[in-house]
Amino acid sequence: MAPAALSASVLFPRVGLVGRYNSPGIAEPLERLAQCLAGRGRAVTIEAETAALTPVAGYRAVPAERLGAEVDLVIVLGGDGTMLSIARLLAPFGVPLIGINQGRLGFLTDIVLTDLETMLAAMLEGEYEQEERRLLACEHRREGSAVERSLALNDVVVNRGVTGSMIECAIHIDGRFVSSLRADGLIVATPTGSTAYALSSQGPIVHPAVPAFALVPVAPHALTHRPIVVSDASELTITVLKGRDCGLHCDGQAHFRLQEGEEVRVTRAGERVQLLHPRGYDYYAMLREKLHWTETPEKLRAR
Amino acid sequence: MAPAALSASVLFPRVGLVGRYNSPGIAEPLERLAQCLAGRGRAVTIEAETAALTPVAGYRAVPAERLGAEVDLVIVLGGDGTMLSIARLLAPFGVPLIGINQGRLGFLTDIVLTDLETMLAAMLEGEYEQEERRLLACEHRREGSAVERSLALNDVVVNRGVTGSMIECAIHIDGRFVSSLRADGLIVATPTGSTAYALSSQGPIVHPAVPAFALVPVAPHALTHRPIVVSDASELTITVLKGRDCGLHCDGQAHFRLQEGEEVRVTRAGERVQLLHPRGYDYYAMLREKLHWTETPEKLRAR
Amino acid sequence: MAPAALSASVLFPRVGLVGRYNSPGIAEPLERLAQCLAGRGRAVTIEAETAALTPVAGYRAVPAERLGAEVDLVIVLGGDGTMLSIARLLAPFGVPLIGINQGRLGFLTDIVLTDLETMLAAMLEGEYEQEERRLLACEHRREGSAVERSLALNDVVVNRGVTGSMIECAIHIDGRFVSSLRADGLIVATPTGSTAYALSSQGPIVHPAVPAFALVPVAPHALTHRPIVVSDASELTITVLKGRDCGLHCDGQAHFRLQEGEEVRVTRAGERVQLLHPRGYDYYAMLREKLHWTETPEKLRAR
Amino acid sequence: MAPAALSASVLFPRVGLVGRYNSPGIAEPLERLAQCLAGRGRAVTIEAETAALTPVAGYRAVPAERLGAEVDLVIVLGGDGTMLSIARLLAPFGVPLIGINQGRLGFLTDIVLTDLETMLAAMLEGEYEQEERRLLACEHRREGSAVERSLALNDVVVNRGVTGSMIECAIHIDGRFVSSLRADGLIVATPTGSTAYALSSQGPIVHPAVPAFALVPVAPHALTHRPIVVSDASELTITVLKGRDCGLHCDGQAHFRLQEGEEVRVTRAGERVQLLHPRGYDYYAMLREKLHWTETPEKLRAR
């Protein structure tokens, strides 16, 4: 289906669509979404891999890497994992993101499919709330220079592999030695990532407005190692002291092997992710829903 | 002993001394400290209750409440508890504090008695690092108006009493409902307080440079309630929904009774505490010492 | 309504009923229950306080203390709290208990009201599973002799009061010193109590078939204090070293004040509680339901 | 050095020695130990790999696998890791074990090198306490039959590998479904293993006299999954539902790869480990030492 004539004055005239890969039921909502956008005068582009797996005729396909340069808004139809991978790609372009979840609400994909057309119509009219999320810039360093780089929206994780031995690492912050650590792993989480893997390892929930990272050890050998929340202006360095089988993970998606003596340097990235939420978005309401804090004060009173 | 003639140009010309109350061994180090200061040309004032319990002849005694208006620096000889109570009193005056510990290092009293003269001589010459710590302003509210107010440097705690029933409360942040909670208690901790009671209740360590508070539930009934770190620009309201025997505590020192329906409002105080540390002070080194993170990377390598 | 003629051969010919106190909606189900029992030839007795608050005409009322001597089975209509208080009273008599929950399933009240008649009819025909639960015998000791005694089905708790200072206590097991502890409190939980207060304080779930108690510190000052599971043949002694405002609680229902120097001695009680469950009762299914472990392997596979 | 003539009546006439592999400082204490034993009329055998790496002239060398059949007592000079590997080999033979630690005390190696001769002399005269520890029997099952078997004294662990995805598994106990679990891993620990890896993952300490295993999830995705203590008469089955990169570990030493659909079956082993401790051995004193519960009640009183 061809888009209606573009009006120069519309918000987000060019919209990119990304679907969860290998998700069978995605064709129908993806097509609905594209038609809804085209019907509202937007030029619709479909991310190439999505288009290959979920043919929706009549729209241009563009590789994910180029999407940021060619659209004004990206809508993700999938789960938090799809959001994470697209967010890292889009961050350098400043293109905002909307997340729509096929199943139950995600931490990042906060529109459910049933509400799609209504919500989206309002958002395309400017009825949205924009929220900026910080990313981590991660460098894998060997003998003093960076050999790999990646961004992370949730977390940078250093951990042991399948052979099961603990890793030993040293943590420095802004060049000062903090502690050495024997553990299954160490998570550096953004506020966004604080409700993901870090939460499973006894880390705190950190509100997105707090300019901080959480360092969360996973199964630390010493019982006195605890999560630490540090300023996001800090430079964190994790040096692998020991660990035959040690990995580095960004958002659980980009993976690298680490050798003894190598370093991981983590700082706040210059790039940021722009999330668009429906008007009335409430971070705490999302937490209540996701963490099953279901009871309202009224319900409590009634008991 | 009379002070030497005061030179107008010295740093901190008027110094107040506070000792831990009811601490038997304190007379000797207090006298040493007073002489050391007087010998360096400072006018020494002793806090009245300290003076009454630990007579050190020849110095003026002033009640703690007036100390802030009459001296330029206060030195506390005691533990973290003594520091907390004096810090709340001094905060409105902006007078800096030095903490000296009789026994082992405290989180706030970071000079040990054996190093006293050397350290102090250097600090009085300007060889110190100044650090600002934020306080909580706590209001106990009944039917819409404040009935009591207190500052807290460590934490504001709402908890159950000796009859042992859980409390039920509702938490709002900036007027938005966050969650209701059935628990032994709820701690609102500053970064300073994050290494105190909150740490015992699974709260994270929050570096003093992070502009945030930690909300830490104590023994929450629902397993999904977890510590939350929020911006210190937030206004927190805790409403007691249920609890026959409920208390409000500021720094574990100022205590109030709470009734059902009453509120506790917590914000960042306008007042701040100025701590002076010896040159080279290292927050992480202090944590290592206090939490027994004893191993350096070098020691680890050697194994 | 008069009971049908009693047949000597029926199971549980005399049945006592206990309702949750102060529960408004209880009259109707209580009457239904009494009629159901009478219709099946059982002599129905109503616990006196229940009868006073919820008049159900035509049945004999007997004080809770005498119920154990006069009936063959007690049915509790209420929550886990009501079960606990009746279980302690019945334990010396060996009379079995059935728990029916008005609202959502409890850990101990595992029949829901909607299933009442069907379930009960089957159970009265012998279609039940009997499970024995151990109790704690708790002695409050002063200067070497017991001043108070209580049983506990869930837990014995020593904790601080509303003034908020930590307690300090020493723990001995079988006369051997284990540790001293500075904390909000210390819980000694049976397997039954391991899913109650102890679970909120990071204690493990202990299956009822394990002959053990869990010692669970509440908010311990030292981070290395952890829950300990010990043989239920152990004699535990908790000595209050410090604590101006310290309480002793059995099942959160029987409360005593503790003074410095006093001891709490906890052993396995000789008495036991007999719980009757519907045929097919599954402890793990109950845990899944209560703790929201909702996903079955099949559901997981389908994703 | 040749052993003195053997007296038939001595306790433990044939003693095997095992040293920590690759430990440089071990030759001297090993030789001292051998001489001490030979001087007391014992026939000394050195485990073959120890002998190869640490030549101590004049003693017979026997492979670890045959040691159990040829000696009456084995003394391990090393850490807890060496004890674990030898204990699994010796368990089928019922030969008792003594553990001597070169460095600081271990959980299993409870004699320090400095006390060696005195302690050992007394123990060889019968001045010891014997303690039996249970092992886990672990079967790796594929399509209904066991493909690998191993014993474990500490723990059986199923966990994810270096690619970092969570595993999903289903847990059954005695054929009943308990729960599915998405996590980094799942630990089944004996009481002996409860102070090892399981403790780092929030598991409870389980006293060796408690006939139970602890199931401890590592970084579980759902916050309501908690450690469970079950009877050691239980049969546990862990089925891998998902996990591309999943491993099975016994005592962190025997490693196997697991595929989706495969099972791990864990039961109490028929074999047992016999540990000999010096007279006066105190499990709780060892815990205090290892976990830095340093304060005695007397010290607390003195404050």
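Think of it as A, B, C and D in the order they're written, each chain with its own count starting at 1.
Quick note on the criterion: contacts are C-beta pairs under 8 Å (C-beta built on N, C-alpha and C of every residue); 3 or more make two chains touch, one makes a residue touch a chain.
All figures in this text were calculated on a predicted structure; none of them were measured in a lab.
By residue number, more than half of the contact pairs of B-C reappear in one of the listed pairs B-D, A-D or A-B, namely A-D.
Set side by side, A-D and A-C show the greater C-beta contact count at A-D. If you average the Cα atoms of chain C and of chain D, the two centres end up 37 Å apart.
Per-chain CA centroids place chain A at a distance of 42 Å from chain D. Centre-to-centre separation between chain A and chain C, using Cα means, comes to 46 Å. Chain contacts: chain B has residues 199, 202, 223-224, 226, 291-292 touching two or more partner chains. For chain A in complex with chain B, the touching residues are 168, 170, 173, 176-180, 194, 199, 202-207, 209-212, 214, 222, 224-231, 233, 239, 241-242, 282, 284, 287-288, 291-293, 295-297, 299-301.
Residue ranges on chain C touching chain B, taken from their complex, read 157, 159-165, 183-184, 197, 199-202, 218-221, 223, 245-247, 249, 252, 255, 257, 291. On the chain C side of its complex with chain A, the touching residues are 223-224, 226, 292.
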